[in-house]
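Letters A, B, C, D and E name the chains as they come in the text, with residue numbers starting at 1 for each one.
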């Protein structure tokens, strides 16, 4: 595998990482149909933990089988497949070496009752990621939560361990809890802040939700207005988030959120591309559709990132 | 010991486990009268901790003696015997090698006063399981409890340790506490969710309670109705839980609950079998009966799983 | 030292322990005037921590000196001497090898203000016990306390460590706190439950308080009445506790409580003996009396256990 | 590099440190335009964590790029550059060896909602500092916070680890939370106390905010008045803080706080110099200005410390 | 250095300690003008942490310099010098070998806002004590505080570590918090209890405050009255505390408290001596006086313990 100039440029941004971690980032960036473009699409399957099996898989019951997702990601030519411990244990040997995997090492669920201090349980380890042949660990933080510092300390420790053994680190940065308003969770100032903190915590790949035009913090609002930061279009907001990720020195991908129609998903991808984002991480919108539809949607998405659409 | 095709198929589902763990799963699956069928019946004796000695053993006082249970499990031709540290220390040498044992490594009791955050004390270790010659560790989680994440992190850590030394991991997944209603503890959506989370946490064998037709979570209810998931019979509900356990790639057994008449117990087993469940884990219904009655009941149960009844 | 059949039978109950631990149990069981009988009397001096020095030692001021207690236990021909770290450090070398010692590794005091969550501080370690030449560690749990699980986890961990280096484990199981009523702390159902849990936690020697006829838990009451468990006499209640300790496979001794007259103490011992208990652990009733009186009382006690009284 | 007598004198104050730590202190003190004078100016860039990316970098958007700050510190001839993990990982290799770096190992943010117990998350480690080639770690404590003891214990542990591997330790001592009034956070008695505690905790370099004439604690007020401690001018207050840092045996630098005009910044530096302080640690006032202005300001500042202004 | 019979007798009380710890105790007991007498005077300088720099050192500003205190202790011929980490790091090399030092490893401050659960931060380690050449570690516990058990567990762990490497352990036992009344903090029953618990925790040297005639606990009061314990004079109360320290098998010293006139200090020492106490630990009363006065006061104190006054 020889890497492309686009990938080389991205890897150069990770100037303090060891060759092992660079190699794992390269594996993800050189994988599938977007391999070598600097763009990526990741399939995450952590909804079973978050929402339960029926809400996740009943719409397309083949999804109860862990093999389905792993093979879907391969067949669609995606960049990586991310899931929780048990799910990955059930398919990792069968598909070993066919697509880079990301072990999601913490998880929450719909039964948890924490209002101001939402958090997650650690459900996987760096050792697990190594024995399952993963390229990266994935970890969710909830900036704003009364438990945010604890979560940050957990990923700091796990990230140090991961980097030392040549794994990459993906941070899902989802503002939530504490003083944050519901609308504030996706506000552009909060989203950029969440992405920036993930970068400061040493993430290699940062995952945030698509930001809205709303501004949550008064002190931030003043600055956005005074400095005339353009957040009027989706693409401009993605661009702002890219800037917050060390001005493009860190990979940032955006999640799709709830299931929606094909056009919405594709339009979001166009805006991500136009804003300079690195790609999408898209779960329910794919595996809850029948396989043919899912493949068709992912084909469209990939074409957007290839600049063909 | 050469394994049967049915057992081979089950073991294949554990594709990421080392030979040590596979061997211990095989030992359980090849043991006793159900050996080789892919079905299993386990005798658990953790009621002394949960309810106290008199409530557990006074109905059949030979049960005060740890040797009684261990030998009952052997004599009845069961698949494994599960109990707490002290109880197992008192019989493990006498019956060494005669039946696979599962060390229950956490325990609660009737004196504990936690309402929304029920939890258990860790009362055994992987090292204990090894020195006592066990095939597996057993651990209870209370999904929904305000302490659920802590419990999940405990078993994650112990499971990693257990798998590394070739032990299997059994998770008792009993929803309880937090926002859950009393009825919700055995609701089908919650039961399937609890089983799924145990699977995601990396359990090899999952133990849940028989689910009712009730639906607890509004968001789940919508999906069950929209997707027309059939939960109208006991067998269909067991089938749904099996599906939630990676579509059958994980062993799932069901507990019997409070003492009841023979027919109820046997009917439950028929439904488990018809729904594709792997078997029963049955304590008070056996050891609180006189020995002859207990053996007769277990004989009936085994015949059900052998397809003879 | 060759052991007697009575001691052999007791040691056989500890079938999972290593020779080191068996040897230490044997040392205690073969020590003093009761050596070889399977009965034992232990002198505990932890009252300085619990009640302060004046309340403990002013009635017989020689007790301020740690040497006094250690030599009293030897002179009276007792089975073992149990005390806290500093106290034992002050006499262990002088009396090394003359009587087995038990390091009490946690302690509470009269200044602590926890109402529902009474607990103790860990004040000694397995390493301390080894360097001081002890045969066992002693640990108090408060079943029922909101801190009970934490205490159980502490002793679990220390017991694993102790057993690995050949020490024995003594658990003081004193129900307290949480939802327990004052009367419930010594209720027979609670006492038997507390003893049973200590056994399940892996204790070699279990220490409980003399139980009363009171029944605390409604669910237990139903069973005691339905199963017609005889708890009408002190001896019957002790017998019930012995049953709860794995039907006699574990050593159980009873504490004396507050200072009282000689006859009460001796009568209690008779009931313990008649109920099949293994002996007494008696502190204030001895060291708060002048030495001659203390020796006379202990002589009577030993004679009871020797069957001479 | 041969050190000057001024630097030698400062290093002599660190009489218990190993040569590795002394060397790293020397590197900072011999660096840049103030090298050898015993004075120092440090560029800290931790505002992205504290206030978010837009509030920090939008006024001068080149600051979104981690390389900008690192090169600014070099170009301006400063003594050291301090920043958080991710930020430093993004520039450490490019500028390796060109200026001593300080890894800020804990961080807070504007989303945190702790009122009386403000604290920070640990976001970096001594290992991180070593692999990134740093000369020191930086840690913030909040004296007065209900979480102050926890923070002190964290830095104690990290400082021990840092000193053992030859790193220096910088403590940001910012009183906050608990019973402290808002005005009290910068009161001279509190500021001197905060500096003194940082020194007692073993800091090599102490960073505090410019103190005001306000006195917070009644007991302290009595002493300041009785002993006629002169705190009437800025320079006198700085002198008092230097005294509180072991009478000048520890390096103490002062932060600039919010962005302000050039004259204010320069006047503050004059007072620090006149009071015997070791220098400034100045972030927003530099990187939020256009580069030319920032360099001009830093030139003025350095001239003050060189005694030329 | 050959030890005197008085010192030999004291060392014999520490019969379970290794030669390293005995040697360090001997170093303290053989140091200075009281060397060999079995009496000792220690200079503690932890007030900077407890009360802030100005309240501690402004009355005699040379005290801002760590060298001042260390040399004062040497010049006055004292037995040992005790202080916190940073303070000792700043003088340990200069005065290495001239006087035994005690590293105070936990500290509180006047900004802390815990009412019922006062505690301290751990601010030094056994490793620090070793690298700084100390003879002992010093640790404060607050018996009665809701945090007392945590503090006891901390010193237990550190004491085990210290003893293993041949250091001595000094415990400052200061009742505070919880249910204790203000008057109760120095009540004779509480003071004796606090001293006794420090002894039970394994302290080699116990430091308490001078007790008053007040009795705090009702249960204790009954005993003091019934047993006619004489607590009517200062000397008698000191004698009672000595008794509570294993009847004199442990060294006990008394702190001086707030600054007061020379006669009070000297009279207190006379009572300590007459009660059989081992000496004084005296800080503010010395270093807040001009050096000549401090030396004169310490000379008087030493003469008292030499029996010359």
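In the analysis below, a contact is a pair of C-beta atoms (placed from the backbone, for glycine too) under 8 Å apart; a residue touches a chain by one contact, two chains touch by 3 or more.
Here is each chain with its UniProt name: A, B, C, D, E = fructose-bisphosphate aldolase.
These numbers were taken from a predicted model, which means no experiment stands behind them.
The chains that touch chain B as well as chain E are C.
Steps from chain A to chain E, taking the shortest chain of touch contacts, total 2.
Between chain C and chain E, the least number of touch steps comes to 1.
If you average the CA atoms of chain C and of chain D, the two centres end up 58 Å from each other.
Averaging C-alpha coordinates per chain places the centre of chain D 36 Å away from that of chain E. Residue positions of chain A with contacts to 2 or more other chains are absent. One full turn of the ring, starting with chain C and passing chain E second, gives C, E, D, A, B.
The touching residues of chain C, counted against chain E in their complex, run 48-49, 51-55, 58-59, 61, 64-66, 84-94, 107, 109-114, 119-125, 127-128, 131-132. Of all residues in chain C, only 13-17, 116, 143-144, 146, 148-150, 152-153, 156, 160, 175, 178-180, 189-190, 192-193, 196-197, 199-203, 217, 219-220, 223-224, 227, 229, 240, 243-244, 246-247, 249-250 touch chain B in the complex they form.
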